[in-house]
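Below: one structure in structure tokens.
Order as written gives the chain letters A, B, C and D; numbering starts at 1 within each chain.
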Amino acid sequence: MRLLPKNRLESFSDGVIAIIITIMVLELKTPQGNDLDALKPLLPVFLSYVMSFLYIAIYWNNHHHLIHATKRINGSIMWANTHLLFWLSLIPFITGWIGHSRGGPWPTALYGLVLLMAAMAYTILQNAIVAAQGKDSHLAAALGSDWKGKLSLASYLAAIIVAFRHQWLADTLYVFVALLWLIPDRRIERLPDI
Amino acid sequence: MRLLPKNRLESFSDGVIAIIITIMVLELKTPQGNDLDALKPLLPVFLSYVMSFLYIAIYWNNHHHLIHATKRINGSIMWANTHLLFWLSLIPFITGWIGHSRGGPWPTALYGLVLLMAAMAYTILQNAIVAAQGKDSHLAAALGSDWKGKLSLASYLAAIIVAFRHQWLADTLYVFVALLWLIPDRRIERLPDI
Amino acid sequence: MRLLPKNRLESFSDGVIAIIITIMVLELKTPQGNDLDALKPLLPVFLSYVMSFLYIAIYWNNHHHLIHATKRINGSIMWANTHLLFWLSLIPFITGWIGHSRGGPWPTALYGLVLLMAAMAYTILQNAIVAAQGKDSHLAAALGSDWKGKLSLASYLAAIIVAFRHQWLADTLYVFVALLWLIPDRRIERLPDI
Amino acid sequence: MRLLPKNRLESFSDGVIAIIITIMVLELKTPQGNDLDALKPLLPVFLSYVMSFLYIAIYWNNHHHLIHATKRINGSIMWANTHLLFWLSLIPFITGWIGHSRGGPWPTALYGLVLLMAAMAYTILQNAIVAAQGKDSHLAAALGSDWKGKLSLASYLAAIIVAFRHQWLADTLYVFVALLWLIPDRRIERLPDI
């Protein structure tokens, strides 16, 4: 199968991710009053906005590194990428729900489910790229055991389960995974240019 | 007539398609309650979102392949492309209607009409590119009889007609065409780079 | 003064214009009912959407040709471009008003005013580019007397004035100018590559 | 640490800034009536839109110049850039508030706070780039004492403080800083290409 250049995959993904990260701010509706009290009900919406902004920024960052390590793309990579964008596109919706409901158990669990599906989609995309490049490629070596990815998946799963009993623990897990990824993926950064 | 480079046509189309695919999620309004019941009324909206996300992703995918096989563009190609973007831009509107009305006959038929017009616009764009490259070009040979395109047009037409009597059949036809195109257009992928 | 490469001016303008042309569709609110009657009140909104889509597509098309004929940009060109984007960004607002008010005299006149300001901003941008390239440049020669630009400005001005007495005449003028520009600007297309 | 190419940082930033500058226009809701009176309540919203459009255009302009002077990027630069985009993404929200509340003391002060945080984020980004290039680089020399940046920070701080007593003075300070930056950053424009 022939491979295509990657520039449009990058620019389409950049466009979609840029819109996802920006339209979330539309959930911060104009307050009714003129004073500080009018902002108070927006606080949980703002906090969930900060959290999701961070998550989407992390995805863009890692996506940037991953595609940078990819030379050309094929149909599987394109659809794996579209699949990832689909789950990311649900983040504004679930962020709005968790913000407006001030984080009940169901919104909290569903937030974890969307993050879990996005993380699985990212893993699938990663595997599709490694498959196209061969198991002995620099990228496969750089990814190694991918413990960060596995730990994230486990954390999301745990968060979904505990959301119904100990909501604060689920929230803590979401913060924990975000911090885990704030450090850019040095494994790929060290790869030679291709 | 002189030909222009294609990079801005690509980046403008990427931008418009990225926005179309993303603003549809705004139809998923924040639920009023905090529990699972609050999500139930959103289910048909969500299903129509998935369907339209898939359709727009297919269009982007095929557009990507088609323009990749195009060297330079002229005025006809630019306007044929704008015409395609116009019909795609109506998909968020009709998706919202079909979702919120839980799929009555008129929304279902109009969904088919928008898809039909978009498919015809894509065919016009394809013809404009073939016309600019000559009938003996690699692209013309790769497209061949374009049976997939013709079958899609016939399916949309059939769906519009049956929407008023057997709505489930129209829905099935929409799913059928989407699956038909999920496989990327290998004909063009096999073309040599230009 | 040093000149900058033009690629980011192009990609930022593409982004802004892509968003402007797409968010207008948000004015087409989901109809309340399930049948054809529910669409009727949307007809004037739809018609104004088609009109403005066409205008913005024309601007993108001409902008594409104009910047294609520009080698490098300076600060004046960047701000003239931003000024054009500002007036274009008001088109979704005025389109929404003209659509929802079913075209009273004030919305019709203001529509002309926004188009007039955008056209003047385009002229300023064109002049800034010619000034940077010199009056003897290919671009200056290609633009010639710019009768199309001047006729458009005069038509908008006339439309604003007649909007209060003969609204249909103002609407006709808007359609006339759009048709005038549908033909891409061959003058610039014929320029040699730079 | 290895450095990455900057093209995707540019295109992602262009996308986010293009969306931020455009979605603000959604605050200009369709007026209820058909005459000029219906526009009157929109005037403060329009004025705050013009102001924020200008600020975001200035940021894009300076960002353009700054990244133009950057050869390759690292993780610190990417996160400093994301941090800047976060604060810019709050401008549509605070613009909507200041417009709809017709500028009470709290919205006016918070407007200054968002601008202050964005300006500090820009300074951090600038420092991260200088740090990556070395203190003896052309960029470091071109930035010099960065008196414009320091004066802006001081003006925002002053505006926040006086917003509760002399609101007009705060507004004047915001206009003053915007005018200060309207002139593009010649220091960087004069740098040799890299």
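Brief remarks follow.
The rule is short, and it goes like this: contacts are C-beta pairs under 8 Å (C-beta built on N, C-alpha and C of every residue); 3 or more make two chains touch, one makes a residue touch a chain.
The structure presented is a predicted model; accordingly, all values stated were derived computationally and were not measured.
Among the other chains, the CA centroid farthest from that of subunit B is the one of D. Copies subunit C and subunit D of the same sequence differ by a rotation of 90 degrees once their CA atoms are superposed, given in steps of 5. At the interface between subunit A and subunit B, under half of the residue numbers involved are used by both copies, so each side presents largely different positions.
One inter-chain figure worth recording: subunit A and subunit D are separated by 26 Å, centre to centre, where each centre is the mean of the chain's CA atoms. Look at where the CA atoms of subunit B average out and do the same for subunit D: the two points lie 37 Å apart.
Those residues of subunit B in touch with two or more other chains are numbered 11, 15, 18-19, 23, 26. The residues of subunit A lying in touch with subunit D in their complex are 10-11, 14-15, 17-19, 21-23, 25-26, 28, 30-31, 33-36, 38-39, 50, 53, 57, 60-61, 64-65, 68, 182-184, 186, 189-191.
For subunit B in complex with subunit C, the touching residues are 1-2, 4-5, 8-9, 11-12, 15-16, 18-20, 23, 26-27, 75, 78-79, 82, 85-86, 89-90, 92-93, 96-97, 100-101, 104-107, 110.
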